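Shared chain: chain A. Partners: chain B in the first complex, chain C in the second.
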Partner chain A sequence: MKSALAILSVVAFASVPFWLRDPYLMNALITTGIFIIGAMSLNLLLGFTGQLSLGHIAFFGIGAYVSALTSLGFDVGLPFGFRIVHAPWPPIVGFVLAIVVAGLCGYLVGLLSFRVRGAYFVIVTISFAEVVRLVALNWVELTQGPLALTNVPLMTIGLPGLGDLTLRTKLQNYYLVLAVAVVTYVLISRLVHSHFGRAMRGLMENETLAVSVGIDVTRTLTLAAVISAGIAGAAGSLYAHYIRIIDPEVFAFINTVTMVIMVITGGKGSLAGPVVGGMIFGLLPVFLRPIMAPEAQWIAYGGVLIVILFVLPRGIVPSLALRFAKRRSRPEKAAPVAFSERSVKEHA
Partner chain B sequence: MTPAATALKVEKVAVHFGGLVALSDMNFTVGEGEIVSLIGPNGAGKTTAFNVVTGFLDPTHGAVSYRGTALNGRKPHQIAELGLIRTFQRTSVFPNDTVYDNLLIGLHRQGKVSLLEAILGLPRALSSQRRLRERASELVEWVGLERRAHDLAGSLSYGEQRLVGVALALAAEPSMLLLDEPVSGMNASETHTFVQLVRNIRDRGVTILLVEHDMPMVMSVSDRIVVLNYGRIIAEGPPDVIRNDPAVIEAYLGQGATRA
Partner chain C sequence: MSEFLQHLINMLVLGGTYALLGIGLTLIFGIMNVVNFTHGVLYTFGAYIMFIVVHQLGINFFLALPLAVLAGWLLGAAIELTLLRPLRGSDIDTTMLVMIGAWIAMQSGALWIWGGVAKSVTTPFPEAPLVLGPVSVSWLRLFVLAAAAMLIVVTYLLINRTKLGCAMRATFQDQDTASLMGVNVDLIYTSTFAIGSSLAAAAGALLGPVYVIFPQMGDLAAVKAFAIVILGGLGNITGAVIGGFILALAEELGAGYVSSGYRDAMGFLIIIAVLIFKPTGLFARSERVG
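Moving on to the complex of A and B:
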């Protein structure tokens, strides 16, 4: 039933351009879609390992800059008289490099912070995003600083037999984002249902027990961070080649918060959660804009957020799923949580 | 002391928490296929000894080895890789997963296919997945929790959660199983069933080290007993010898009499 619902959703999303002609709404859907991919990657960490990355936009922004710079080319001076001159490469190479470089950054952040975890991970990720933002702002020779990287080339895809296709229209970009989103969804779904996903769940629920059955904490969490960061980098690359202008504001904290809101309201730890939460909070501002003054829009935005969390505290998707499941088994509100022996190591 | 080959060897192990000596100079061995119990009054250092063997605690001095491999400095999951698997004193399950899913998590050591194979859904990953599901069902049946298989582990009774804990440990395919007070909180009939279970596990060739307070249970199931008091071994031997050992009797019964 679940997979039928997923296929139905994909068909519904694919049909949108056939009945929606408004370019403004199409634009909103594309950027929302890109943010949903980011939110899905955040959910992999937050929902399935319990680690909150409050600097997640850093991986997104790094993806955006890497992809933009790869396709624009650059000429930078380094200390000791070295220079790097890079001639423009096709945007699709930038897309791949965005995933690789963002994933590498995820590895470094994971390696640094997962020995201690929890609050430390939150702090390391926030700092990381801020540091990256400052680099983007001040390394003017490479990033143009606040002047922004402009004229980022459009995404070009080589299709077998058809030659290169440059994605100029909103329609083409819409389908590209949809395709990447579907691949991401399937990837994360496969991942969380594999032994690796069970290891992540085990660690989140009872770390001591998970370790005792042979699950390697650092390796599991670092791998999750790498994959999550890589996906965020892919989303950043899509953003760069669609918006075509990238400045350090992409690293703004509010962008991370938007992704966190999408994940929490939709339901962390549920595959469809970020999609549902993302559609609501990605499109809400679009619908509020014509009917409200700007100040009132944000109040309404906050109001919707509070109402959702108040009525469906577990998030929309898990709460609804639970309601459907109730007729099958006896009602179970909050499952009693067993004692864990988390504190054993702390006595050492 | 026993003709069987030595599985676990604990040599001159001491653990200090600051100024407190939790264990001092502990030596004992467990032979392959043996059931050895570690007993002693509260605070004698039993759980500390357990945590040292399973890598959750680093000893201040001394060495632990399993089948000739030194365990010092290894992380818990690495020790688990060697086949040395423990259960925990209090209930320890993955509370928000069903019993069946708990066991799938516990089967981690068996399910290792590469991530890429799992993501692409290659045949090897699928067949491994199928094998794990069969194994999980087997284990659920083996500890007698078929009826509860699809309930959340956190919603089970205390005794049932204990059984899940043991099944989880078994899922990790131990060659040696360490049980930390497995029957505390169980009623007499549950304990009786559990003793049968422990014997069954041993008959499958698994070595067992048990920490327990329930004396009748310990006496009936153990091949050999090691008695700890104040972090030191005060006696060691088969149940009949231990039952009549004056030092043991004093440790358990004589404290009130000697206290002025």
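Moving on to the complex of A and C:
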């Protein structure tokens, strides 16, 4: 039943370009899709391990910079007279490197920041993102600083039998983002339902108990951080080759907050949550733009985040699932919904 | 050497206001266990109150500081009553996210009302700095240091010598026992948040005229405040004061001898280093949730 819904959604999303011709809306959908991928990766940490990482944009930004620099090439001096000269490589290599480097950063950050929990974890992750932003701003030789990396090449994909395909149109980019989003969704879904996923959720619900049954906390959390950072890096790479200009503002805290709002609104710990929340908050600016100034929009976002937390603290998807499960459970025994087992139990 | 002395003077001025920021946050964090993301907005708010009082209402510069403190107190109390009181007992992540929502809304509100153009406040102090041998310091900065020192002393006395302060300390140690002893915990929470907010507003009102005033000025201030709290240890006022001066020194030396571009990175690096190597803070006596 759930997989039918998922397939239906994919078909619906795939059909969008056939009836939607407006380039502005297509653009909004593509950037929304990229942010949804980021939000899904954030949800892996926030929703399934319970760690609120507020530095998530760092991995997105690192992915964007790595991918852009790989495909643009650079020539940078290092201390002690070393120089690195890098000739441009194809964007697809940049995409892969973005995942690898972001994942590595996720490993390092995870190793260091999982020593602390709660508020301290949040503050360490924020600090990490800000340090990365300041490096991007000040290492002008590599990143051009505030002048931004411009003319980032378009994404090129080698297709078997068709040769290289350069993604020039919005249509092509839309399908690329959709494909990556679907792969991400499936990957996270498999992960969450695996042994590893149960370990993660065990940790979230009761760390002491999880340790006592033999779950390796640091290993589980670090692995989750690596995967999450790698996916965010992939999203950043897509962003770099679609927008084609990257400046240190990509690391702005407000971008992390956008992802957090998407996850919280849709429902953390729910696979579909970030997609639903992402569609709402990704497309809301499109509809609010004619009637509200951008500042007023942000006031509204802040307000919506507060209201959601007060009224619907579980988020939209789990609340709906709960209602659905309750209705079905009346005649017979409760059918547990996979991702909200805990919430069902709490309510029962 | 004279350059180093100049850095020390600047450190004293900066450190005083950082200490104010840190004390406010460490009280809120320590007593209420709330990660207060609106702290930076209160700082911005204090600076704008300074601007409004001096330039739009034309009232005396020296009267603007107490007015900013009062306004910060009221806004802080309002935030606590509307957002935090209903959330009492919910997990720390939820309050944290609500405070992020409040911060986004309030900062965008400031941008909406006052616009993004930076504003500066004219002060009654002479342009020429006070020259003491090899170093010089402007009269405005001296006033900032004096006012900050005065506010730190007042806060210290409030916490350590008054009945309210005693109740706050009791609540910090054990909320339930304090409640059993007749402490009105709700009132303590509101007072704590209001006092912390008024200190942030005071810091903004003091540093606003030194630099320029713009809606996002509080973001960095908030992070610095977090760095100070982490340095000094949770709920530790003396630690917050020392942490404020250490951060100011690190920034001055970092900007002077490394690169001015990384000045603001110092706070973050301190946070990361302290949490990795000594997560209880430099001056912690009691244990802390790690």
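Convention: the second predicted complex is superposed on the first by the 309 of 348 C-alpha atoms of A that agree within 3 Å, B and C clash if a C-alpha of one lies under 4 Å from a C-alpha of the other, contacts with A are read in each partner's own complex, and residues count from 1 in each chain.
Just so it is clear, a contact is a pair of C-beta atoms (placed from the backbone, for glycine too) under 8 Å apart; a residue touches a chain by one contact, two chains touch by 3 or more.
This one's a predicted model, so the numbers in the text were calculated from it and none came from an experiment.
Applying the stated contact rule after C-alpha superposition, one finds that A:S194 touches chain B and leaves chain C untouched. By the touch criterion defined above, A:A12 reaches neither chain B nor chain C. Contacts of A:L309 after superposition: chain C is touched, whereas chain B is not reached.
By the touch criterion defined above, A:S127 reaches chain C but does not reach chain B.
When both complexes are overlaid on chain A, the residue A:L137 reaches chain C alone and has no touch with chain B. By the touch criterion defined above, A:A87 reaches neither chain B nor chain C. When both complexes are overlaid on chain A, the residue A:L78 reaches neither chain B nor chain C.
Taken together, the two complexes place no residue of chain A in contact with both chain B and chain C.
Residues of chain A touching chain C in their complex: 50, 52, 112-113, 115-120, 122-124, 126-128, 130-131, 134-135, 137-138, 253-254, 257, 260, 264, 293, 295-299, 301-306, 309-310, 313. Interface residues of chain A facing chain B in the complex, by the touch rule stated above, are 187, 190-191, 194-196, 198-199, 201-202, 205-206, 208-217, 223, 332, 335-341, 344-345, 347-348. Those residues of chain B that touch chain A in the shared complex are 17, 51, 54, 56-58, 75-77, 80-81, 85-97, 101, 104-109, 111-113, 115, 118-121, 125, 132, 152-155, 161, 168-169, 171-172.
Of all residues in chain C, only 29, 33, 35, 83, 86-87, 90, 92-94, 96-98, 100-109, 111-112, 219, 223, 226-227, 230, 259, 261-262, 264-265, 267-269, 271-272, 275-276, 279, 289-290 touch chain A in the complex they form.
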